[in-house]
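Look at the two complexes coming up: chain A is in both, with chain B in one and chain C in the other.
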Partner chain A sequence: MELFVIPLIFALVAAFAPKNVVRYVGLLGAVASLVVTIVHAISFAPEATVSLVDPNYITSFGLTFKMGYDGMGLLMVILTNVMVTIILLANLNQKIANERSFNAMVLLMQFGLIGVFTAMDGIMFYIFWELTLIPIFLISWWYGAPERKQVLVKFFIYTFVGSLAMLLSLMALGTYATDFSHASLVAVTLSAKAAFWVMGGFFLAFAIKIPLFPFHTWQPSTYTVSPMAGTMLLSGLMLKMALFGMIRWMLPLAPEAKSEMTCLVITLGLIGIVYAAIIAIKQSDIKRVFAFASISHVGLIAAGIMLFTKDSLTASFIQIINHSLVAVGLFLAAGILENRLNTREFSQMGGVAKLAPKFAFWFAVIGFASVSVPFTSGFIGEFLLLKGLYGYNWIVGLVAGTTLVFGAVYTLRAYQLSMYGSPKIEGFKDLTWNEMLAFFIISVIIVVLGVYPQVVIDFVGPSLDNLFNSMQASNTLVP
Partner chain B sequence: MDALIVVFVTGLISMFIAMAKKPALVLATAVTGLSVAIGLMVCQWSHPYTLVKYEGLLFDHNAIKYSVLAMSFALLVIVGGYSHFKKEAEHTGEYISLLLFSTVGALCMTAFTDMFMFFLGLEILSIPIYVMAGSKKRDVLSTEASLKYFFTGSFATGVLLFGMAWVYGATGSFKLAEIQAAISLGTAQGALLNVGILMMMASFLFKVGAAPFHFWSPDVYGGSPNIVTGFMAAVVKLAGLFAFWKLFTIAFADANAVWGGALAGIIILTVLVGNLSALRQTKFKRLLAYSSIANAGYALLAIINQDTQSQQNLFIYLVGYGFAIIALIVVSLVLDNESDDIEAYKGIGRKNPFIGFVLVLATLSIAGVPPLAGFFGKYMVFSSAFTMYPILVIIAIITSGIGIYYYLRFIMTAMSSEDTENVQTLKPSLLHYIVLAVCVVGLLAGGYISL
Partner chain C sequence: MAVDQLIVMILALPLLGALINGTIGKNLPKQIVGSIATIVMFAAFGLALMVFNSNHEEKIIHLFSIINLDSLTLNARFQVDSLSIWMTLIVTGVGSLIHLFSMGYMSHDKGYYKFFTYLNLFIFAMLILVLGSNYFMLFFGWEGVGICSYLLIGFHYSDEQKGMLNGLAARKAFIMNRIGDLGLLIALFLILMQFGTLEYREVADKLLVENMMPTTWMMFGITLCLFIGATGKSAQIPLFTWLPDAMAGPTPVSALIHAATMVTAGIFLVVRSNFMFETPGAQATQDIMLYVGLATSLAAAFMAMRQNDIKKVLAYSTVSQLGLLFVALGMGAYTAAMFHVTTHAFFKALLFLGSGSVIHAMSDEQDIRKMGGLKKYIPITHMTFLIGTLAIAGFPLLSGFYSKDEILAHAVMHSPVIYGILMVSVAMTAIYMFRLYFLTFHGSFRGSEEAKHHLHESPKSMTIPLLVLAVLSVIGGALNLPGVILSKGAHWMSHFLEHNTRGLELIETHHLSNSQAMLLMGGAVLMTLIILFGTFVVYVKKNSVAKADEELKGWELLSNKKLYFDEIYNALFVVPVEWISVKSHQFIEMFILNKSITGFTGLIGKSGDVVRKWQTGVVSSYILWMVVGIIGLVVYYLIKF
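So, the complex of A and B:
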């Protein structure tokens, strides 16, 4: 219970706190929430499913209020708390951190995200899923770049319509089940046709949020116009909701349609990997490079999830965490460049490395993780995912493997154009302590996971087994 | 029953008190009267009351629920609109008492058991609103609204009476129970009955503003004083929809084959027309009018789906809608902008955080964003209609997706952070704060009565 209540209480406090301390209120809220989560994690046995809310009461329309977590859920909750802490820490010296509404909205977003990751009831999942949209929209709307208006309308409508499709799927599923708890929904056996439509609805919602290839058009411009914190939240946490949703909700709920959808999703994922990477190489705007890079990376994760084996899902979790860290790190670097130079164009950058050696170093560390150098978590995640895809079909593995090459090209190009070359700028303030600390935490986690990924594997393995068992019990799928 | 008399007598007393030209006294009387009436109504929960000699009114559980809701909305509208009424001190009493009389009509429309009482209720509900719509006497648009509403409304009433006569001819009774029995036993005359039902339906659809009978509503909503618009959207619509539910799912339930298909077509048309027309509106109240057309379509979805849940679903839907619309109308009163342009709302939410909070909450609730009351209403209506009418629900969901555009645009205008220096700081009175706070509580907690 305290897992969600703490962010919510701090969000309220931040909404009324005096302006000169509000930044610390926000950070304190995130840290408090992180500490509580770690306490939960220490006393957690990976094969258990912990119930947080279970009033044992079913409403007239089947809502059960069930909330809880297993290994996967807790992992995502930890990720959320770590990321929100890092994001608030990294923004501590920005003007935006003095705003009550900013801090309140970030904490509200944290509340919504924790709800999404711990929901064990379809309707609760939907409610929290929608709840996360409002804070991120308002953050981008209040503090974004001047050209944000059309972009954000598109973003909101796109994601809202996708969610409505998911709601429709939930309703359709609800007509077969006694209530909306995760267990009852998993137990439903659908006809192949019904399953296809149900999965289609979920897929639309998740494909828009991830975003997968033909549904990605909102993403680069939204990332570009959002303030640094907004982009970090979007790329680091918001799209992970959709990937997690695929694992927890979409595939277990309608596995009857899996065989038809696998091919489709993997194809879209592959197109995204190659297409977005090629576009990323040609960009002249640093935020857009990383935005397209993000599409390319998540295409690989989505394709890996669709294989739906224990190995591929474990690899997906490692890659989800890795992508969160890398994306937040890269957008932090891009944000620092943008804020200090007042431009996002490569043509007006260059030579920063000489003026700010500390920044150059930490940016390079994140960059290496992004191109999946061994001993970073990116290497483990991508290697395992590619191995899985290669086992599925060698052509798929081959095409997906190009992500390694492309990744190196666009990341190193972005790094080179912004950091080296002839200096076009006069002064560049090096990293402040909080930015350095944020980079440091990100890098430590990346390296730890790169050397010892077993932490994650131990965490999610047993709960994946539980998931497969419950699906087998309803004789729907044998992974 | 006592409540009905109390509200009526309060209306009369307010009218006489008005001669003292003390608006505050009138308000106090109206608030006391309505509160007492709500209290009496709640106390009747366990003893349904009916008239002794003539059983035209029956306050059963459904009627009590809807009556309490109608009176609460009327109370909120009167308290919230006091700042507006007070401006013309010599007329305050008349305005408030007209709204009270109209509320009496709403009570009759929730509790009727025969067509006669229903017709009386409808007229008592409508006639004060014809007058109120024109209460900005020097304003051309307000006069137009009043005249338009009166003419089209009278015409609809004529059609309704004609339909009733046909139904009476077919079944030989005015009583809902007897009509129902006649239809289910098959003793009713087929053709007479069918024409009668369709005529009555047409006039109902006019009253709730469903397409293609919606043409009056943007002009009337737009021209009327804001507070009257709020009353029409919250109370009149509530009474109309509940009476619709009662008549069609009780009396005409077995004639479903006649009106079911027609209503399905009208729902599709209504949600499309309402949402698509709202996209390009530049005036606040016209936007509300088209949004209320669309919402009438969603509420009709609860009526077409005649399961045991439909009455409860409609109730939750109306709770969410009513609180949201009252909150928006009260904000527009606080802003007090003559031109009524949406542009006039630019930045006020950012400059006045509480007002902004209310605006965002109310708009998102109408748009159906969880976990607000509007979401639960929409969800309940859609999910219970899904088994019987999947296509209708899919269309309704698509149109809600369209709807998010204009609601979002309104939120974005209101929360805009550009040149905040020129934005006025609003000074809501204590009464406004009270009404807005009640609405916020209603929007946040209203959905949970469904649980």
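So, the complex of A and C:
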């Protein structure tokens, strides 16, 4: 219980705390939540499934309130807590951190995310899923760039419609099951046609959130107009809900439609990888470069998930973590440039490396992590994902592999245009301690996972076995 | 100490140096920073020598498993055998000397500590590459040296005029390498699919001991993809254009990374995988390798003929020599290739460091048209540069003479036509090298008075490495003397490598009969002497000077403009991709997708307007709607049951 309660309590406290300490209340809340999660993780055996809420009561329409976690759920909860801590830490010196509502909303978001990752009941999953939309929308609405309103309305409606499709799918599936608990929903065997529509509904919701080509158009503009913290939350955590949802909900619930959907999703993923990467090459706005880069990277993860083997799912988890870290790091760098220079245009940057060597160093580390060089988690994740895709179909593997080349093109271009050359600006304040610490934590995790990814593998492996077993028990096809 | 600890220490030392300099180097005096970096290198070299002396059999050192999945295990594991220890000796040995040289060369640079951090880091990555026991470790190191190369090419990124250009050169190198890396990655996937492992030893055993017979296509695919990887790192057509641009980096970097070590990684890869290249399916790859190498060797030698930047001449020369090495590999002459890799490391490092010493003396001028007559100002540099030039040109009894001759001997046995073409390339090498030497060191000084005033010999830390490398360039040939010179104990290095490198012992090496060998050597010597005399006449007696860029015509222009490779690539790849990028953003992204979504969300907004009108606030109308709803439900259930 304390996993959910702590962020919620701190959200309330932050809403009424005095303005001069509210930033520390927010950070404290995130850290406290992280500590509790770590305690959970230490006493956790990877093959176990821990129940957090199970009132043993079913409402008339089948809601069971079940919440709990297994290895992969807990991994995502840890990720959430780590990332929220990093995000609040990185924003500590921003004006936004003095706002009560900002801190409260971030913690509320954390609450919602933990709910999404621990939901063991379809309706609970949906409720928490929708809940997360509200704080992120408000953060961007209140603190975003001046041109934000139209963009954000579009974002809200678009993702909301996608979620409705998911709700319809859940409802349809629920009519066949005794209740909405994860186990009952998995146990349902659907006809191929029904499964197609059920999976289709889930897919629409997830494809919009991830986002996959061609459902991605809300993303670059929303990332650009959101404040730094908002972009970090969106790219670092929010889209991971959808990737996790594919693994936990979409594929196990309607595996009968997997063979039909695999080809479609992998194709969309592939198009996204190449299309977004190519567009990123010539963008003149640094946030848009990283936004398109993000589309390209998650396309690869989504394609990997669709293979639905233990290897590919493990690789996807490594890459999910990696992408969270890298995306937050890149948007931190972009945010620092934007806040200090008051522009996002490359044409007005250049020469920052000379003025701010510390920033140049840490930005470079994240940049390299983004192009998946050895000793970074991206190297391992990309290697395993590409291997999986190559095994599926060599052309798919080859096309996905172009991310190696294009990734280097747009990332290095963005870095060099902003940092190299002789300075065009008078001064540039180098990193503050909290920004440096944020970069440092991100980099350490990236390197540790790049050298010893086995920690993640051991953590999610048994829970993936459990997932496959439960699917097998319900007589559905498993790879 | 056992070999295990020695190897771990060899790897740990450069990493340690990088960590120390990277974290606290900024606050240390320059001498200490440079000393730390250089001492760890010499220590690593000493330990490598100990391994070389004590170890005579293949040995595997297992550290830990990086990835351990059901279907796939990837290990951090190292392998000591003749090939890996030989490469380690070259990397740490030449690396030590270049570190020492850099202490003097970089002494005025602000990023001194950064430079040595990167340099040590490079050595660490390179050692992982050569010492790893599987293709995954190789790939690890392979990408690692790529980053270090990127960082060092773009080292002077905040330079007033050239900062952005240096950055561009670094980016080009990284991206071109990445294209090759994609090939290598696919080779890895194919090896995994075929053999289920990436360990060299297990793959070799499956092929050589268990006689596994993969399909011809499979072996062709694997070896071709490996070769594609090699074309990136070892700068072969079509991925060679990054190497000349990489000269934007500081000169010691050009010597270490872009001449002596990193660029030979492709050669190492092929030699390491010899058991795959010798399968029937790989025959076609060998031919491809041979012809690509031949074309590269010829084209690059041609381009070097009319370059006027001292480092660019050497860069094209490196590309050309690497081409020669691939010709050797294409003919299955693995040990001959390794021999030339070794001697090339000596004399090319020497030449680059020598050019660094020249540039240092010339206050950062690199254009040979502004040099001339330098021999009396910088005598040690002149002497050593002359030795390097003679060695690469194949002057009798110097190291390059023997190693080149061995490859040429293989070519004669393979096909006279290939031998003939190679001789053209070899002749051009001698021509452009003597041209470079004479224009730089002979004649009269063509630079400004001020530059003349500054001319000075380099400090000891720079001249000592030059002298050591010069000695090695002279005697390096002794490593693998041909039978015609030495009746007993000939081909020492070939025997050493074949002794315990998987696959190599099975490859039959043919040697020419003594009379044929004599004939071959005689021809080569005669040609070198004629060219030496010819260039002497042109550049010293007649005092010809390289033309200004505008005066170049015909083949000279073609050579100077590198056969327009950059321009062609630009038109073929860069421009179209950028065009697609811009157009797909304008048209697909902003017009089709964005418009349709905006329309869709707008529609939903509009539908809100319609529905809102139903909330009339009149209770009776709500009741009416409610009744309609109830009736509807009742009717629905009546029909359903």
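By definition in this document, the second predicted complex is superposed on the first by the 479 of 479 C-alpha atoms of A that agree within 3 Å, B and C clash if a C-alpha of one lies under 4 Å from a C-alpha of the other, contacts with A are read in each partner's own complex, and residues count from 1 in each chain.
By our rule, contacts are C-beta pairs under 8 Å (C-beta built on N, C-alpha and C of every residue); 3 or more make two chains touch, one makes a residue touch a chain.
What you see is a predicted model; the values in this text were computed from it and never measured.
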Discussion item. Quick check on the superposed pair: does A:130 touch chain B, chain C, both, or neither? Answer first, second, both or neither.
Written reply: first
Discussion item. If we overlay the two complexes on their shared chain A, which of chain B and chain C does A:44 touch? Say first, second, both or neither.
Written reply: neither
Worksheet item: Thinking of the overlay built on chain A, is A:416 touched by chain B (first), by chain C (second), by both, or by neither?
Response: second
Practice prompt. Classify the contacts of A:153 with the two partner chains as first (chain B alone), second (chain C alone), both, or neither.
Written response: both
Fill in: Of chain B and chain C, the chain that contacts the larger number of chain A residues
C
Fill in: Which of chain B and chain C A:196 touches, first, second, both or neither
neither
Practice prompt. Identify the partner contact of A:63: answer first if only chain B is touched, second if only chain C is, both if each is, neither if none is.
Written response: first
Worksheet item: Looking at the overlay, what does A:161 touch: chain B (first), chain C (second), both, or neither?
Response: both
Worksheet item: Once the two structures are fitted together, what part of chain A is touched by chain B and by chain C alike?
Response: 153, 157, 161
Worksheet item: chain B touches which residues of chain A in the complex?
Response: 59-61, 63, 123, 126-127, 130-131, 133-134, 138, 141-142, 149, 152-153, 156-157, 160-161, 164-165, 167-168, 171-172, 174-175
Fill in: Residues of chain C touching chain A in the complex
64-72, 125, 139-141, 143-144, 146-147, 150, 154, 157-160, 163-164, 166-168, 170-171, 174-175, 178-179, 181-182, 185-186, 188-189, 192-193, 577-578, 580-582, 584-585, 588-589, 593-594, 597-598, 600-601, 604-605
Worksheet item: Can you list the residues on chain A that touch chain C in the complex?
Response: 153-154, 157-158, 161, 214, 216-218, 275, 278-283, 310-311, 314, 351, 353-354, 368, 373-375, 379-380, 383-384, 386-387, 390-391, 394, 397-398, 401-402, 404-405, 408-409, 412-413, 416, 419-422, 451-454, 457
Response to the item:
The chain B residues in contact with chain A across the complex are 309, 312, 350, 360, 364, 369-371, 375, 379-380, 382-384, 386-387, 390, 393-394, 397-398, 400-401, 404-405, 408-409, 412, 415, 417, 450-451
